[in-house]
């Protein structure tokens, strides 16, 4: 159907072997529905994510991808069905919500760094105030992750002084500092200039190689092919198709998926 | 739409009142409600106890009692035998008169100063800057006092108009006298007056109603002319000349009516201590009017300047590049955009003017606060009742003004993606 | 009780006007001076043994009664007219009269007016929030005359308006007129018209219901008046305090009898009150008398023995 | 293709032209005059008119200023010295400037308000300039107590005990936060209140009797003049900040009741004139307090002014909150910060920074409005002009006093407004 | 000198034959000088534009390109020399200025649409008020041109509701509604996102094909090569080089031009 697979994002070979999937369940969503007012955005979502899985979610604009991701750490409330993250069910109980949020890291399209704090303070804020880790220790952790995303030297600058790609990497480091067991990404590269996209994808791939459970809304199909275990295609608030990347790209089953892929890969 | 049954509700535990988002806000609201009620109850209980200890009660009966004092400026009939309630009404009308006059003049001054401040004329722009800064940085009350002093110090007393070789004389063909007690101007009189109708609370002159009706009709006619001209322009492209028709529609009926009523001016004349006859605009009114208008004008000037600057230069250039003349550019491109920015803050300035009229006693203008909140309060010793009533009245005026603003805002908001 | 409060505080809190020449005004050092002020100091001297232990609370016509009834001040000495409704309805107790006044008019001499009856149609400046505006309205109404009131907030403003010619006449208590006129650049070109259109007995007042305290203030005032009657002055008081033949004076100065302790003061209370600023006559002369710029004659405020109305009740 | 544009000749410039001076009409004073003063008929007329106004003022008011008398004991003396020529009698300022500035505050203690004013700038520094060391923030926190002590004097223990209340609250919070959120927050709320109401007073008195440290007290009836304006204005603004923040948050809240209450309060305060609130302070407040309580009129005015300012501050801060992108809230949520932590660490620092110019403007407005206290008999600068005129020496003088008072207000407010404009510009550039 | 010609902007072949140049003069500028204060921004400009010519002006930033364009419809005043547009000399005579402005359409970098008017009103404002065309007719014309720029369906929306590319096309349509004989473009695409540039260039090419006289400040060299008769290179307020596009790009004569081209095409 599609002539060519999306191109690889990173030049070096990705170590897919390292990415192990356990059979433990990390996120379990069943029969979940969500409305905005009377608009039914998410319809009967069922989904299980195992620990170590890397899932890419794609679909046309407005199909509810962001909403789904945001339901997982309760930035949005669902109205029916169940979401169980790491064994904790998300109900209106604040304790559960707090617990889930500190287990789940999130990276936004527009980074949402705190502009009045330095990079280091951005990274240590939550560990100190939520996890109650001593400042010293939190800073060490932060530097560790900043090194990992390759910008330790920027630690004392303010977000406004960094390029978009650097900011997004800081955002990833900030989320990692809480030592989350699951990471959510909502179009982490779509606000970036082309040169910067690669930096961020590199970081994400590295994370994937280390076995992090990841749910990632993205249209970077190269990335999907390289690291995802599964690609989920959504439309009109429903999961329309899910499959392994190779098959998903080479042999999409549904008409919608075909149409979508031709648009995305075509131009 | 199908609703999927919710997951079974977990049993209720007390800790959920705080930890469960569903109950949490309810809990907080109940606590807040409780605190507020308790606070209010405490205050009211104190007030009741205190009033009892002082042997006072809370009632508005005093509004029906003879006031016993005189008010110089009264828009409705009033004398010292009238009630405190009526004195309050006189004061309220004086407040509203002052507020409306000041809003109008402040707008004119503010718009002129704002435009001049943007002008390329160096001297004028500087002068306007001095004006704006001086008035914005010195308290209103001081300006009111200064204007009061200027009015009473630098104008001639009525006695200066007396004698064979008077030190001062009336202007505009002996029709207007400017004195340190105010300005006396000719008043309109009608030979064949239609009389008054009694509205219970006050009298309204039928002449006035007739004149207003004719003016309104003239305006409607003018609007119709403009509409008609628009329609013709839309149809043919050519705009018919309408100004003389407009003038005719606006003024001819009025002139006829005035002639029919036997309109003539009653001129002020010096008799006894003062000028008599004519309209007397008292010093206190003039001082308050000028002080509030010029003071607020400085703020409005800044608003207007900001509004005009908010319309980017590109808009003018684009209009010019399309061949639009400066006046059309102003009317159809710049003003509609600038007004959206200007009007909301302008209305809050109107609100400020209304609130600042309460300083009128500083120059002896008898507004609501000088009557109800001043003499009446003082003579009857009803602080609580008078102050609450006064606050309520100001609050209603303010809420009406802000309601108007909200309506306007929601109507002109620019459409965005 | 107020007495205990004052003692506990160590200070008397006294309401005065925000500024009226001769009656109460702060001088360049911020020390309050004047006729009303002297009453406060006398009370403070009697009660606290220190004429300077007074907090002066400036009040406007509008705030004075609230300040007193709310307990912010212990004593209001702000040329307040004793009227029925203030005494009964507003629930205050007037403790005597320290100045018998009446409302009058001041006009410029070149106006050529010699009687208030000729003021028909005049513009008249008047302080708001006082009994004067009610009197004025009644006077003109009963004489079938018209006038144009120009309300002013303070005496200083009234004076300014009047001098600028914004009103033809200025009306207030005659004492006020005199004190105002005294400060003019050219006092002689203004006349105070002969008509006195109202009775204005001015006196200190206290809250209703604390008789002990009102007695203290009342008898301090009587002590000052009596002192003048008996010839006790701040000069000779030390000498007289050693003992005299006059039993009245002896009782007044606490040498005889136990008057002070009857209202829980000591016996020397009156001595101190008189020593603070002198007897009534001395206070009058120093603040508003003919030798001062205010230049008021004693008139009604002379001792009853001199044809005036001042009459101290017997100390016995 | 060359047939389609016969005209075009390839052109290459071999020598670059140097810039030339503009024609005369475009140069120097001529150009400046033409462009700035006489660019059109209307402009020329306006110029002439303005120059006329300036000249008229100079001719009519100038001599009065130039003939000023600066040394005299009374207005009469001034008149004598001037001998009929028009001239100002600024001697009244020479005589009474202290009163206009400090009211009746004892002269020997003038250093106290002066020092308090200087310290105020020190306390403000860490809030306004990011470069100032953070440690100074502690001083900012302690400043209200310091200023109170300097101005009113008395035992140093009293302000220390009041400050200690916050310490107690913090201690209780630290001790209980592990236990239970309800108990913790209630205890944190109640402990300092109990401390202030029961412990602080006696403890301060006892400490004072043991270690008497202190400076002579100054009674508040001695406060007046500009000092009074500044005390009321500054305490009004600084006390209204916390209240304003709470109101702004309440107004944004999605809890109906809380929101309604906040909106109602804000609209009520903004809808009535300040003067009615001042009258409430002076005439009514006592009705609403337990029988027998009576406290300082200045304190009562400060309370009302604080309520007044808090409504305006709330609106300013609401603007600041609205300027923050939603992402900031979401990021805070996603990191697991709870509401109050998110407000304290993320939202408020940014919102307040954006709001500083608005706060400064509110302050200027409030400072100017402190003159209204003259209506309830306080001796602010305008009230003092009345009191000074009640002195027989200076009866009848007013322009000089108005000019002096106006000038002081102008200097103060103009300085502030310039500063806030500067801040606005700085914030515009360094906000990302 | 330059290795490759700039790439074509439009995929379809451009009909250069249709673009006829007559020998009638549309704009004639001779010995024109302009100063801003004492700064000499335009120095001795001489230039003739024939009817139907399409001229691209390029040059480094600050070289006076915009100023030159803006002098042609008197948005800026020149101080010496002559500018004759369509036979009318631009002097301070208001009548002439009005005449020239209604003959010359201009498109700005930042669109400068009127945000308080609908798209249709934007397009009919000038025809109704300047040309005194009946409203109905003006609206028909406007719809015609809106169809031409391919956004007739947006006619009743407000500018704020359109994307940048759509707004710029509206700006072109608005200018065309006055039926100008000459169009000026001042960097019409430089404020747009890459996807949108193409839409706008398409519209401009279409215009060129219809024989409109165009002066266009742009750095879209692909566009210059495809449609321009002449490319003018300006530097420091003077015309440094002008030539046919082929020669201009392949064989620039002056050193400055070479430098400029290498910078522009190099990366």
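Observations on the structure shown:
Per-chain numbering from 1; labels A, B, C, D and E assigned in written order.
Everything that follows uses one rule, which is that a contact is a pair of C-beta atoms (placed from the backbone, for glycine too) under 8 Å apart; a residue touches a chain by one contact, two chains touch by 3 or more.
For clarity, every value in this text was computed on a predicted model and none was experimentally measured.
Using the contact threshold fixed earlier, the set of chains in contact with both chain C and chain E is B, D. Distance from chain E peaks, on a Cα-centroid basis, for C.
Of all chains present, the one whose mean CA position sits nearest the global mean of protein CA atoms is D. Chain A and chain B, compared by their mean Cα positions, are separated by 58 Å.
The geometric centre of chain A is 85 Å away from that of chain C, both derived from CA atoms. Per-chain Cα centroids separate chain B from chain C by 43 Å. Averaged C-alpha coordinates give centres for chain B and chain D that are 28 Å from one another.
Not a single residue in chain E touches at least two other chains.
Contact of a single residue of chain D with at least two other chains is seen at positions 279, 283, 286, 375, 398.
Among all residues of chain C, those that touch two or more other chains are 62, 66, 157, 160.
Contacting chain pairs (ordered by label): A-B, A-D, B-C, B-D, B-E, C-D, D-E.
Those residues of chain D whose C-beta lies close enough to touch chain E in the complex are 1-2, 4-8, 10-13, 16-17, 19-23, 26-27, 31.
In the complex of the two chains, the chain E residues touching chain B come out as 73, 75, 98, 101-102, 104-106, 108, 110, 112-116, 125-126, 128-137, 157-158, 160-162, 174-175, 178. Within the complex formed with chain D, the residues of chain B that make contact are 18, 25, 28-29, 32-33, 36, 43, 46-47, 49-51, 53, 116, 119-124, 127, 133-134, 136-142, 145-146, 149, 351, 355-356, 358-359, 361, 369, 373, 383-384, 387, 390-391, 394-395, 397-399, 402. The residues of chain B lying in touch with chain A in their complex are 1, 3-7, 10, 16, 18-22, 24. Chain C meets chain B in the complex at residues 61-62, 65-66, 69, 85, 89-91, 110-111, 119-123, 128-129, 133-134, 136-138, 141, 147-153, 157, 160-161, 164-168.
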